[in-house]
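Each of the next two complexes has chain A plus one more chain, namely chain B in the first and chain C in the second.
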Partner chain A sequence: MYKDVIIAGFGGQGIIFAGKLLSYAGLKEGKEVVFYPSYGAEMRGGTANCTVIISDSMIPSPIVSFPSGAIVMSYPAFDKFLPRVKKDGQVVVNASLIKERTKRNDLYIVRIPANDVAESMGNSRVANMVALGAWVHLSGVVSLKALLSSLKDVLSPDKSDLLKINEKALKKGWELVPNSD
Partner chain B sequence: MKKLLLSGNEALAEGAVRAGCRCYFGYPITPQSEIPAYMAKRLRQVGGVFLQAESEIAAINMVYGAAATGMRAMTSSSGPGISLKQEGLSYLAGAQLPALVVNVMRGGPGLGNIAPSQSDYFQATKGGGHGDYHLIVLAPFSVQEMADFPHLAFDLADKYRNPVMILADAILGQMMEAVELKNNEKNRLIEKPWAVTGARGRPQNIIRSLFLKEGELEAHNKLLQKKYRIMKKNEVRYQLTGDPDPEVLLVAYGSMARVCMYIMPRLKKIGVRTSLIRPITLWPFPYDIIEDISKKVKFIFVLEMSEGQMLEDVKLASREKCPVYFYGRMGGGVPEPEEVLTKIEEVLKVESKRKNYKIRR
Partner chain C sequence: MEKWMILSGNEAIARGAYEAGVSVAAAYPGTPSTEVLESLSNYKDEVYCEWAPNEKVSLEVAAGASLVGVRSIVAMKHVGLNVAADPLMTLSYIGVEGGLVVVVADDPGMHSSQNEQDSRNYARFAKVPIFEPSDSQEAKDFTIAAFELSERFKTPVILRSTTRVSHCKSPVKILDRKYIPKHPKFLKNPKKYVPVPSYGRKMRKKLEERLAELQNYANRCPQNKIITGGDSLGIVTSGIAFQYVAEEFPDASILKLGLSYPFPDDLIREFSKRFDELVVVEELDNFLEEHIRSLGIKVKGKVYFPGVGELNPDKVARGKAKMEGKDTGQEENDTDNTDLPARPPVFCPGCPSRGLFYALSKIDCVVTGDIGCYSLGVFPPYERMDTIICMGAGITVAQGMDKAGFRDKPLIGIVGDSTFFHSGITGLLEISYNRGISTIIVVDNRITAMTGHQDHPGTGRTLMGEKTYTTYPEDIARACGIENIRIVDPLNFRETLNALREEIKKESPSLIVARRPCPLIKKEKKAPWVVDQEKCIQCGVCLKVGCPAIYKKIEKEDGENIYIDPSLCQGCGFCAQVCPKKAIVQEQN
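Now for the complex of A and B:
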């Protein structure tokens, strides 16, 4: 098993958080993982992205030309990264902010109104978890259980009150993707 | 042992603490600011000293002072800051002081940018400061090695009384991987009878790099060179992977070696036997093994995030036994795996034509 995914959107959308969480879940399941974030002068409203690679064996390159999965949370991210996803790649598109459709018909795309779903749950900040939950169901790269149990590793202790809402959002996202078989 | 998910910078800082580093002096700069941030928290827990200096120059001179007392001391920075530290590095080498200096390379020259780069190779390996001196230069290629190399670096530094540099790049500093931290093993801290520790009951120790008496500095230089010759003989480290009987040799270090490891199975698929030499010590450089293999292969392909700096050492090593090709990007451009594969395929095409030409003649 080898899976690489790019998670991209605006700074402040929890892109890096989602990437770290996915990486921890991979680690928890005994996989090799690489997490490579965009870094530096990033701020709320700027662009943010990260690459996560999860594999059964040693991961050669931390740099990925064409990922086999993507979670795109904003239109600039959709515009930039969707053309790069490999054929048959699994993609979650944040339909709340991305109205445009792609012409590509060689991808498994699930459109999730992540912001609207998060808002209806009472916290628009967990849109990232809705999208991640959906993508993990779509790709099957780690279990929902591993994802949920990794939350406490990534969430800083002073934000432990947000544990429940993040868990809820991950589960909700997972449920929004129909079972493939 | 339990594996932790750490960034390269954090792993390096924790590795240094576990290697017995108790003094960190530095000044923040992207992409390595996680090192001082981590040290600020961590050194306090082990009774060490963390100090954010007023400048990079102050920091390296604080390292000089701490190292003179026999402490395991370090500093870290990126290109612009490392340039400022060159005077201090020359002094450390001249005064034969062991210390660890980390460079997490970013794009240059000048203030450049904060993206990954390998363009400080010349500065690190050829002596960025003044005088006839060398640093031992270690090049990690994984977060695990970021965690492991501080220990090796301090051991080598103490053994030879010489500053050691860990030359990483922004990819290695920023990316996270699973790391197994060697558990608080007892550090084999060696005796340092030369250290300035208070001269009660023994003759005074003097740490200096100024030698004004006639012939004194020349003799000192000869002593340093003798030390460098021993390092060249005993401390060359590299990793050789891939096909035992290669027709193509790849040479790359740091994160670019990882890109090569992605490419190798793909070249194998199209029937090209490839092996990779990853220098682990950039100084002393693994000239001999590259020379040996260059006699057997059709060509060598060097990959760097620079306009070809290590390339010069590979060419020296190959002694024109085979053509040496190069691909690199500068100023924060990162060669992507597919892009590099295309470049190698182009070379393969050129080379196959060249061979036919020879046969027809």
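Now for the complex of A and C:
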């Protein structure tokens, strides 16, 4: 098993947090993990993206040019990264902010209104968890259990009150993806 | 229970230094090295951590700590090592007592730098050993090894990272802090610590002996290893390039050099014997290739794998195709195959530099610039940054043009606050002492902004979290003998423009401090401004201030309208000052 995913959106959408959580879930399941947050100059309102690779064997290159999965949370991210996803790649698109459709028909795309779902749960900031829960179900790269139990490793102690809502959002996202046979 | 964490290379270096019992850590921030000291400061109860004014100072501080017997580390970006090169060159003569590790993070591909120098050359130049980790676990392990090697051979040791190693995160096994720091003591020994010529010449000879011993060690150290694969191809590689080789040449035999200088000649000879031809895959310079060829070994490298720009798996794959005579003729840069317009970074909404550069764009002048957020002033709509060389040169290049007799346009030198403390003070002395007439602007946003808000001598806080003296550029300027000193708010358009117009006319040097804190320090959002569509005549003046919050939208019925995005607007109100119709108003409540 070798799976790489790009998670992309605006700064402030919790993109890096989602990548970190996924990495720790992979670590928890005894996999090899590489997490690459994109770095740029500090800038307000900029874009954010990161890549996560999870594999059963040693991961040679940490750089992913053409990922086999994507979670796109904003329109610029959709525009930039969807063309790069490999054929048959699994993609979660944040339908709350991305109304456009891609012309590509060689991808497994699930459209999740992540912001709307998060808002209905009472905290719009967990849209990232909704999308991540959905993608993890779609890709099967780690278990939901590993994802949930990694939250406490990643949430800073002063934010432990947010544990429950993040858990809820991950589960909700997971449920929004229909079981594949 | 074993403890694992997912760490970036920089965080792993910090962890390694902590586990190795480091006592003193110093750095000047610079991408991609900044997080080394930032994460080390998490251990500030046990490790003294500081932001030094510049890299030279940081290395000298570490040298002092080493000479009293404690372990010390410094971290810097590649160009920082140029600044620190002076102490490094002589420190290798003097040697160390406590282990001293110099972390240098190169930036192949120039993601956030003005050049892409290969700092491995410094190891050979200064005659000190260099480690090159390939991932986070190695970054930690090699840091610990570097401290041990440093003390064993009494030499400073370079640990060289690159952007990808520094920023990529992977699992690292966490150990305890085993080494117990020594109590500092100084044993007087001028023959060892004072390289006056008569002592220095002896040190020079000893240095060569040490290098020979180190070379012996490099031949059998655990960081240099042969990964046996097939018999047909042998590859020598180091650092991040190893990861790409592992991906693209799964069947090759690999000599992975973790301690790449002094060159492990015996090991290289032994490895090369097994193959008709050796290939070197290395990022940037032909550092290894050139040396291996000088040993009389048939070797190829740069003919397949480019020395310009960052390597990546695609480039290595193309090199492999070339080796196999299957040149695909593909263009480089094929990872960015989208036809989207380039979006260069811009000043953040609310950035004080926007006001300054907008005012500068109203003056016909030559602007010699410097390294920082304000470097973005080179781009439209301002185009008021005509040169950049290195930190501090914003001041002195203007002086050079002045002394050459250039009088066609006024000369304005720009420097940031952190950059001013880093290398600007001597430049100011130069202008004052040698009777220059340029106008120097310190863009003083009260923080080291572009690397992510590190403290500096002007912030009144240390990395240890203590309050300290706050230094102001105007006080230093006064002491240097600059008589014309102005302090302006760069987001006050008239005040800034008037100050500029007055100061450039003077026949003596001026210092303008354009002071307003970076809006990202205190995230105080004021009420956003809105365009009153009744008053707006769509003249587009506000668009020329280059704020990402202001945009033009084509309407179906009434043509184009200009709007301000309330989620981006920080309420600075600069655009309202330039609107000729007073059509930009602040939203109430």
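We take it that the second predicted complex is superposed on the first by the 177 of 181 C-alpha atoms of A that agree within 3 Å, B and C clash if a C-alpha of one lies under 4 Å from a C-alpha of the other, contacts with A are read in each partner's own complex, and residues count from 1 in each chain.
Here is the rule we go by: a contact is a pair of C-beta atoms (placed from the backbone, for glycine too) under 8 Å apart; a residue touches a chain by one contact, two chains touch by 3 or more.
Bear in mind that the values here come from a model prediction, so they are computed numbers and not experimental data.
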Side-by-side fit of chain B and chain C on chain A, or clash: clash
Touching partner for A:Asp79 - first (chain B), second (chain C), both, neither: second
Touched partner set for A:Lys20, first chain B, second chain C, both or neither: both
Partner touching more residues of chain A, whether chain B or chain C: C
Partner chain(s) touched by A:Met1 [first = chain B, second = chain C, both, neither]: neither
Touched partner set for A:Ser61, first chain B, second chain C, both or neither: both
Touched partner set for A:Val33, first chain B, second chain C, both or neither: both
Footprint overlap on chain A, comparing chain B with chain C: 20, 23-24, 27, 32-37, 39-41, 59-63, 65-66
Interfacial residue positions of chain B with respect to chain A in the complex: 3, 5, 30-31, 114, 170-171, 174-178, 255, 258-259, 261-262, 334-339
In the complex with chain A, residue positions of chain C that touch it: 4, 6, 8, 31-32, 111-112, 135, 163-164, 167-171, 240, 243-247, 312-314, 335, 337-338, 340, 345-346, 348-350, 373, 449-453, 519-520, 548, 568, 570
Complex contacts: residues of chain A adjacent to chain B: 20, 23-24, 27, 32-37, 39-41, 59-66, 153
Chain A - residues contacting chain C, complex: 20, 23-24, 27, 32-37, 39-46, 58-63, 65-66, 79-80, 83-84
